[in-house]
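Shared between the two complexes below is subunit A, which has subunit B as its partner in the first and subunit C in the second.
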Partner chain A sequence: MENKGFLFYLRIYRKILAQDIKSKMSYRADFIISTIGMVLTNVAGFISFWILFQNFSSINGWGYYEMLFLYGFSLVSITPVQCLFDNNWNLRILVREGDFIKYCFRPINLFFYFQSEIFDIKGLGQLAFGIGTIAYAWYRLALPVTVLAIVKLVVFLLSASLVMIALQNAAAATCFWLQNSFFILDFAFKLKDYSKYPITIFDPVFRFIFTFLLPIAFIAYYPSIVILRPDAIPLLSYLSPFVGIILFYLSYKFWMYGALKYDGTGS
Partner chain B sequence: MNLKKYTSLLRAGIMESLNYRLSALVLFFGNLVYIAIIYYLWRAIYASSPTDVVGGMTFTDTLIYVVLASSLFSFMEMYFVWDIGRSVQSGKIALDLIKPMAYRDYVFWSCAGTLFTNFFSVFLPTFIVIEIVTKGAIDFGMNLVWFIPSVIMGVVINYNIDFFVGSICLYTESIWGINMMKQVIVLLFSGATIPLAFFPDKLQSIAYHLPFQSIYNTPLSILLMHSPSVSQVLPMILLQLFWCVALTLFTSLFWFISIRQVTVNGG
Partner chain C sequence: MEEAVIQIKNITKEFKVLNHREGVKGGLMDLFSRDYRIVRAVDDISMNVEQGEIVGYLGPNGAGKSTTIKMMAGVLEPTSGEILVNGVIPYKNRAGNSQHIGVVFGQRSQLWWALPLIESFKLLRDIYQIPKAEYEEMLSFYASIADMENLLHKPVRQMSLGQRTLSDILAAFLHNPKIVFLDEPTIGLDVSMKAKIRELILSLNEKKHTTVILTTHDMGDVDALCRRIVIIDHGKMLYDNDMDHLKGFFGSYRTLKIRVSGDVNGHLAEIQRQFPDMRTETEEGWITILVDEEKTGVMKVLNTIQESVKVRDVQIEEISTEDVIRKIYEGDMG
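Let's turn to the complex of A and B:
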């Protein structure tokens, strides 16, 4: 993005986005069914959460509404990866079948062009669901509503979402080296399901892994603590915005490194 | 009956999946991480509970149930709904339909190879790990004998549901959404996410009237029994058998009607 400027990319993004939405709308039934599918996924996720708390009143000292807050937080912070970076799922097929080469011939940033091609509107339902959950938990926990708190929430949500994006980018980029990287991508995607639990339930080894190696603790736990338990904020919570930015940058470099060494299939 | 055409498809499937040895390795290690997460999660949940037995299940029961449910899921999930959907969109289905074999059988036996290798690379290792972790909590008796036919029928039921969903794709040309809905409903009502024993009464009775619980809940409940008597197991097995027959008939009929929908434009 250095040489073309931010506005230039914004304009291109708008144009590509419009094309994508047009093409999605031409399969109207598919769009409607997919949206229902997405809503159903969130409802089912909530039902299993609810069933769990019908049997158990708290997990490791975290009550129902606190867990609900974590749940909503993780839903919102995984929305950007769902909406903006969904094309990662097609990467391995495009790479294997050789179609990826078309992205290499555009005079704009390769990563940007590839990711901007698909915008997944379905994710917006999840966003609404997540925001609703956070708001409800916020209300039931009687947390103070101040401008500072809202700003904190937004900043930490955004940086948390970068962590998930980074994980997904890195997992998708493995397909430049491996034939069938679906399982890696699927594994990274499933990890997010465990980001909604407090990291304290794990023993030190896994706490270390989920903080530093597969940093899912930064998707919901560390950033949420800033708002949920302001009396005892660990240092890592304050670091989480930087963690998000650094991880995103690293995953971008890794993705580009793979993409630039791609030499097509020869067909 | 000429079995050779089936066995050669099976062999081809096995060889194809053996080609992706690295992905089997990733699957295996991913599975280990998953078991660890599940272990700590449920340990924390049970530690916060005032009683050791919740909904008739101890921590060990729940651990075995949840872990094996997920490994049964990755062993049974054949992802062929995507293949059917793609064949419809690309027109390849026309070629599949003129093969000297019923399409149903063709799809099943093409996937059977993956099923076979998944059994050895996913289910068996998980089974052994969980048996070690729980210090031999699973009996080696009649429960294991009953478990085998029960799993096989689970595979058949799961296959039929997938095939039904694949048939719907002929109408909607939507793959992602339909598949998503299926997965959510199956995972929730089969007990794969949360054991059915934890469900509130009303939801539980709904789940028991649906075919999905026969996929995961029945085999796993049988496995968790200690030296079960025939009268205990037989009703469960018969119910599975009923669903096998009913769903096979229904999905065959539905496919027979739906296939007229297919239009392929040239090629």
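Let's turn to the complex of A and C:
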């Protein structure tokens, strides 16, 4: 990020965020309706999860509250991508119409400038819902509440969210080369639905795919096992923070590579 | 003498374009095709621009104007040639270059859509790290040249096209850049808004000694703002000199306008028969004839016409900038 430091970007981000939230609040009906929509989506998701467990007492050795924990974990870890990187959904349109050029004339990091433009406040409801679910499952599983456990939870949640962000960045950046890249982005986003199940329920082929090729097992399964089953933590769980950071870095480089070769056709 | 703020030496920009085939089958073949052709958008252009100049950068659509500007702004890398803006190579340091330039690209607003203008200004102040005193001074200067009260607290998305263009131009000058690129700033605006925008650009240029590179199709912009024009077509530079020099070159030309009644097209055909070398056109009952006085006097043309056509009104004007440029496009400069 050139010669401008982290604090510089943090200050700018805070200001854009404050302004953005203020202006969104001023469209009150829009704000209320979309918040209600988000709540209903989460409630519906939870109900289908609950119905599933009315029929099965456990899935492949995973009990109801463990699954609930996993569910809550995946909700929280996809919140950052939803709140902070939502502008990725507009990228392909901006590129196709030639409007992306307007991001190219500022003396700050292009990726930062582009992503900072939109903050999707609706994701915050999902965050609250996810945290509530984790806390409830934690309580019912009678997991110990220690500082170390909380720190672990936060670190692994953050690294898990980096994986989701990386997937979406990379998928969105394909629009710098492809005319119609929507299906790739849509596909990447739908993958998250598989992240809330233990990887062990899939057959070996998909287990391999979801671990190494489309690493969604790092969105909830591997990181949450650290807290759920501290006696049998696989190596991949310990690696998940590094996986998150490395994937994010690679996706950032890929995104920037596309953005810098963008020539602004259409203007 | 000070170094020129923009130094361009023999730059060329080529694009690789895929030759598309027709139909579904052709589309599939395109996926694997290596059948490219090279399009030369900018072809061996050189120029220097000094601090404080307003340069009209003109040419028909697709002439390579935007491509040149994108190279100066650091978005595109030239295929060959050298380019220095404020002493740096733009594409090698895009962010650093951006600190000292401002860009307004036609109707694509660069402001935060949902925010009132004043909040956009505050964000720009932070992004460009404008010192507080300079920022305050600029705002009070803006208040003296534009109706800021109506603009500052309005979200950009609620603005009219004219207000938005005005805001975008003000935003481009806010960090006191050395150069501002304006791409079609008056496109789609009504006459009074155009006049306002031109006034604004002139006063900003005078006050801050900012270099302005202006691309436009509006000859009103050129006449009001530019002392120098550069014309390109098919990527090649056709002309680079003072406006006055250009007009001097075509000084022997006069535009003769006559108003006729009845069958305008019939009269026009008659005039074209009598003076086959002269360019003519009609508009709302007026016939315009471009006369080169070195060859034939205007009065002589008028007398000849009057013998066969009943003339109701006459105007004699100097050649307009638009005509001059059209003659250059047509290759009359040799």
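By definition in this document, the second predicted complex is superposed on the first by the 263 of 267 C-alpha atoms of A that agree within 3 Å, B and C clash if a C-alpha of one lies under 4 Å from a C-alpha of the other, contacts with A are read in each partner's own complex, and residues count from 1 in each chain.
Following the convention adopted for this analysis, a contact is a pair of C-beta atoms (placed from the backbone, for glycine too) under 8 Å apart; a residue touches a chain by one contact, two chains touch by 3 or more.
All of these numbers come straight from a predicted model, not from anything done at the bench.
Trainee: Once both complexes are superposed via subunit A, do subunit B and subunit C end up clashing or fitting?
Mentor: In the arrangement built by aligning on subunit A, the partners subunit C and subunit B fit side by side.
Trainee: Mind working out whether A:Asp263 is in touch with subunit B, subunit C, both or neither, as first, second, both or neither?
Mentor: second
Trainee: Go through the superposed model and pick first if A:Lys102 touches only subunit B, second if only subunit C, both, or neither.
Mentor: After superposition on chain A, A:Lys102 lies in contact with subunit C alone.
Trainee: Just checking: does A:Leu52 make contact with subunit B only, subunit C only, both, or neither of them? Give me first, second, both or neither.
Mentor: first
Trainee: Once chain A of both complexes is superposed, is A:Lys152 in touch with subunit B (first), subunit C (second), both, or neither?
Mentor: Once the two structures are laid over each other on A, A:Lys152 reaches no partner at all.
Trainee: Determine, under the contact definition given at the top, whether A:Ser34 touches first (subunit B), second (subunit C), both, or neither.
Mentor: A:Ser34 contacts subunit B only, not subunit C.
Trainee: Quick check for you: in the superposed arrangement, does A:Arg140 touch first (subunit B), second (subunit C), both or neither?
Mentor: neither
Trainee: Counting residues of subunit A touched by each partner, does subunit B or subunit C come out ahead?
Mentor: Of subunit B and subunit C, the partner in contact with more residues of subunit A is B.
Trainee: Check the superposed model and tell me the shortest C-alpha distance between subunit B and subunit C, rounded to whole Å.
Mentor: Minimum over all C-alpha pairs of subunit B and subunit C: 8 Å.
Trainee: Under the touch definition given earlier, write down the residues of subunit A that touch subunit B in their complex.
Mentor: Within the complex, subunit A contacts subunit B at residues 27, 29-30, 32-38, 40-41, 44, 47-48, 51-52, 54-61, 178-184, 187, 190, 194, 197, 201-203, 206, 214.
Trainee: Within their complex, state which residues of subunit C touch subunit A.
Mentor: 15, 66, 70, 73-76, 94-96, 98-99, 101-103, 105-106, 108-110, 112, 114-115, 119, 122-123, 126-128, 155, 183
Trainee: Under the stated contact criterion, what part of subunit A meets subunit C in this complex?
Mentor: 2, 11-12, 15-16, 19-20, 23-24, 98-99, 101-102, 104-109, 117, 260, 262-264, 267
Trainee: Note which residues of subunit B are touching subunit A in the complex, please.
Mentor: 19-20, 22-23, 26-27, 30, 33-34, 36-37, 40-41, 43-49, 54-55, 172-174, 176-181, 184-185, 187-188, 193-194, 198-200, 203
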